[in-house]
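Reading through the structure tokens given below for one structure.
Labels run A, B, C and D following the written order; every chain starts at residue 1.
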């Protein structure tokens, strides 16, 4: 570690045969690690021989280096005097654009607009993108808009409270922050910045398995009664997941695990691919030298595509006693099967992954209405949450009217973070809180448990809902036979 | 009162600790009033130490100062020589744009266009705005457009009359002017200017509870057989409402009271908020010092959010024998309940407040068709009026065909007033009169009572109407149990 | 008549008290005629004291002056040397735009485009305009587009003929030219130019009652087997209509009378009103001095708004033995009543007057499908023709599949005439002929009588068709009671 | 053949009376051939007296000259020194636009964009164009978009294979290249370039009857197990078709014949007509001198419009034992009839010819759903393939879910060829392969035979499907009576 390299020497190790990188002023030999990089070999090779700190930092939580590399990979430090200075960008830069304060923003569209202006094209590509032609992303929003509300008059609405329980935990509102990766691309406070905003509002937050900070860092400053969930993508190297679960089990603020199933392979997010985000390098086809390991590049590096109800839930039960929520349910059949796994499974999140996985997958509202139609008993057995396309308080109310217990927002907190750090996220939560209360009062409703189907006209939506033969009985039979 | 202040002295009292304002050349100490201001503290504080006449005048009816302030609040007059002259704006102003005369305008869209060009951005924001994404505002118009007419041929249509009765009062047309606040923002003649136009046409006008003139001023020049209604927002300080009702009871031209229920809290009107209109300051969240009084800022300052059928109608019956129309009904259930309160209640106005309250609330046409579907007997018991989105004579006719007795217009008279004062409002009434007659003649109809469902094809609209289980029986039961 | 006036003298008679005009070099005193002018007083007064030839000529058929004015109205001639020369417009004019030849135009949209470029804004306004928001005009086109065709394969389509019979007359195609006024605004050959094109193609033409040429002029160069119809607007001065009918009875090429009922009053055609077309002056409200005569300005000057089935058909039967077609039927009820008047009535034209009368009136295709649904026996009793929105051969075929015998085009021949005189109209007929044949061949059909409902998928259209209670029985009863 | 002409001499033979052309440096007298030219006389006459090589070459397969002209037509060679040099276009040309490599293109829309930029307006017109208003072309795409997918979770999707059988032949994917003419307009490698790409991917290719290369050239470099079909347009001179079939019978890689029926006459492709493509000259109306032969110009020069099930299939059975696929089926009735002709007929291709024939003809998805609705037994008897509008892997999957066995793409390979030659076509196949696999994995499906109606929500599409009375029984009866 005492060895000091100059930049020119490092620069010679710029291929898959000998691959060095500079990170935080230290020099690492990652030649043997390249093929195992969960983010793909190509990302590293592009930075081989260079200082990779700027690319590495915002997308890797603390401890990543230590976990990934053997001690001997650390070769020494770099002689900082040999690092060429960057041209002073500010000298020729455009005059800084004046942005409005987040308090002046009226709605989530304006927050997205400001957040977009403040972050890099690459970060924007990652947040904004959705699969293929973004049809599901559009459906997510349009489905809410197609529902009309039915306000009642002459009802005392002086009191109005959003308080509710999610999985038995008291929260100040039925809104929660969906798991979304890479918050540090938006703002240095990252996922902890979101947690800070949630603390102010008593809002539940689900921590992404691909967060850019460790769970410990994210919950560090939480208030005593703050509630978190943690998202699990099961790794094909199960021991990695088991280690993470063991850490999660130690964090008492984390009350449940969100097992995410809607992305066994990654959707084709073209805006992101154009921006060149690291995650999307995974789909790169031309990474010849290192392709032997992955049987098919479409499968996530490191993600286990072989999950099944029986095997996976059985494995999970050995490693945690936290309740499980299944995220990514998109048919009434799967919601029904999930309900058969109570009590281990205590909820489902109807989600098409923000339209990011399979284009023309149904919006969560469709699945919600489908469950009402085919197997409403699911609502009695487990909690049904939804996410995707929620941009207004009226959207929150509509989902609740149709039976959802929790309503998730994914992109808005990220764009809020981009727009103004933790204050931007607070602005998002404030706007939605105000809009939701206004909506409830105008409907003549004081508490969320008073909302019901009598408050919505879903006539137009109903005309789009699946009405083919239900696979319910087949699912049940298939499931039972495996037990 | 003899004391004379110079401007610099007044300017020092510019905080919540000591707050003076100049109004009409007089100096007032409003420090103790700020927290009670129905329009919120912040509006006043922004003008503290300054001449507030220009902001105050167009939105407060005569007598407001006397009602609101104690005599000792009047400190004296301002020395006008100390008032700095405004820079001569005309010197550098843009050349005045030439506008067409209102007689040259062909339709209500053109009138809105001219009115928009002639008024301040702030006034436009107030008139134009609607809740959230303005979806209900758009629905209001689109609902009419989705109905096709069914013209019959070979019918003598030489005679064609729009005369009808509203609540037993003879009027020259089934069209009426909806209650809309702040007409003086459009034109100095204000609500009285609208009354002048209505006098020419024999049109019924409903006076807003938030009119910028007193009811007495508005009806002052009415013709003997001119008909008015008066809108009531019940104040939480009921004595204030009782005083107003007592004044209304004295004005014999006012034939009924329109109890408005569709805005127990204010909708989120973003165009208006951007313009900074005073009314919207109510939703301001950051008004810390003076927030103690209001339990929740979403509740209108001064408006009573606790109204119920039994309590409120009972209270009202003690203070007036005028017939009541319930405005803001948006479900067939509430229309039905209203009909149970006959004879005190003699009508309902199906209204989503011009899309200004709850976004995605149903257009009045939906509710009208819903009543036809679930409880058509309502039409026999009370009068059903509609407003929102009416822009063409064909719209008027369609509402009448579906059972409406009266059809209200809210924004068009305001934009007419903005475009040309009373003559602009007359142009609005002339255009709608002509279009309505043309439509009736082309349908083969001579009198409004001949219009019926045989004249409309509502097939497309019907496919959007609520068809969930009706809450009718539950409503009836709940209502009866309270009697 | 020998008297010669100079221009200055004529110019002094420029009011309703003394109103002279110059027409074709002659001076007329029209003071006593102004109030009787079928086109309204104002049009004349605007030209009082001036040379009105340019305005008068294209909209009045030959003989109008003689019919309208008494002999003593002719005062003499104008001294041409006193007429000021017009500034030489060509000197400063824009370079003439190069237009493509009509043969190069591929479809009717391109013909409308070229025609629009070649005519005055005023003429364009008259042709293009439709009522109010032009929703019916758009529906007319969209209705065709919403129908899908069902092509059959493996059918011999070498032969393909459009020949058919209309009211027993052999014609070369089921397409006909609808009656449309003021063809000379498009081209000096006017309606005779259209007749020339129809002669080339063996196409039926219906002559407008408001044609800019006399029927005699229009049919003058017809081929022996060329077929015409003549449109009748019944005048309130019935003797005027009777005189015209008598002339029509003499023209053996005119085989039937099209009694037009869809415009008992004129629709509000705003594009036309903006252009200032003479016909639209009728709706002018401010023509104070001469308004006494007309009870209501909305009624066409000179048109009889009192027509009824029994009275009018009875009157007509006394003046002609030509078969009658009722134009402007827009409900199945009226189609049914018409069929009860066979044999005098031999057909109906389903028409909303090109969307020019009542906005949101149904497109003809709707009425056609309505008849199929409620009273298909009408097709057996009388011929059903349609017009409005036909722009493609596929449109023609769809109407025929649904039971229409004749398919009318109104604006396309006018725009064709504007684009290239008679050759432009021929291009219109050629394009539609070719497109119609192509469509039939691709459907696997050789003759128009083979087209049927099996060739169309009207599923989407059916979802828009009136499905309220039919007024059929009431109509029948009402009708029979009058007999 | 030894004779040498100079250019000026050739130029004198520039009319239908004496028509010479230069092709590949040789001079031909084509005077007697002009009227027989399958592409119409006019095309040749436009080039009469000139060097026609540039126009001739990309649209005529090798051997065309020898087949079409008698030996004596070859007059000699041209003296190349007399040919005027073309102005050096590169000197004044725009700087060459930098294009991205095809590997960087993310989807088929980007490939079409690049291909469009690289080819002539004329070639683009031919590829891009569709009939009339391109409504069917739009429907083709929109139909896919209106279907939602139903992804299942917790299914092992590590393995995913697109392998399937088409007509018993093993192929690597259910995707095939539709027959499309004139590939050499896109790239010199032409149809052989497409074959090269198909070889890499194991993809089936159907060779167009109007290919710009001979079948022998196209299959020349095929791999041993590469599969082809060959499209047949039956010529009115049947011996020509018989000769071609005999050649096809010799090419063992060609496994079936696609008898195309959706274009007995050519649709009106206006973009193509504007570009002046040779094929569209066929519809030219003004080709007076040579019009005697063709009874109606709408009939394809040389194509037989008299085909029928019994006659044509009977004739075909005498000349080949290859299985037949009927292309262009657009109704369930015709699909049903086709299934009665098994085993000679082994499949149908539901196709509206890419929207190029009859505008508002149904998209293949409609017909597919129609068959499911009226005669699902067809799927058991013959294979049903579809084409038109497929632009995403999700589209491929949706068609398979609804019962299609093969899914064709027509324009994308042509635009791929235009964008990058064989590599561009490979990029098209790679993108669709990847997208299709991603879609299957996200649905929870490993093999194409596992896809079924349970994976799609076709609710919106179903509302557009024909529901008139089926012509099935009549078809069956008519068909049987002919046997």
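The rule is short, and it goes like this: contacts are C-beta pairs under 8 Å (C-beta built on N, C-alpha and C of every residue); 3 or more make two chains touch, one makes a residue touch a chain.
Listed by chain with UniProt protein names: A, B, C, D = L-lactate dehydrogenase (cytochrome).
Only a predicted model underlies this, so the values are computations on that prediction, with no experimental measurement involved.
Colleague: What chains do chain A and chain D have as common neighbours?
Modeller: Both-contact set = empty.
Colleague: Given that chain A and chain B are copies of one sequence and touch, is their interface built from the same residue numbers on both sides (over half shared) or different ones?
Modeller: different
Colleague: Roughly how far is chain B from chain D, going centre to centre by Cα mean, in whole Å?
Modeller: Their C-alpha centroids are separated by 64 Å.
Colleague: Give, as an integer number of Å, the spacing between the C-alpha centres of chain C and chain B.
Modeller: Their C-alpha centroids are separated by 45 Å.
Colleague: Which residues belonging to chain A are in contact with no fewer than two other chains?
Modeller: Touching at least two other chains: 463.
Colleague: Determine which chains touch and list them pairwise.
Modeller: A-B, A-D, B-C, C-D
Colleague: Tell me, which parts of chain D touch chain C in their complex?
Modeller: Residues 132-133, 135, 139, 261-268, 270, 273-274, 283, 285-286, 295-296, 298-299, 305-309, 312, 326, 328-331, 333-334, 337, 352, 357-362, 366, 463-469, 471 of chain D touch chain C in their complex.
Colleague: For the complex, which residues does chain A have touching chain B?
Modeller: On the chain A side, the touching residues are 103, 106-107, 145, 147-158, 160, 392, 394, 430, 434-435, 437-439, 441-444, 453-454, 456-460, 463.
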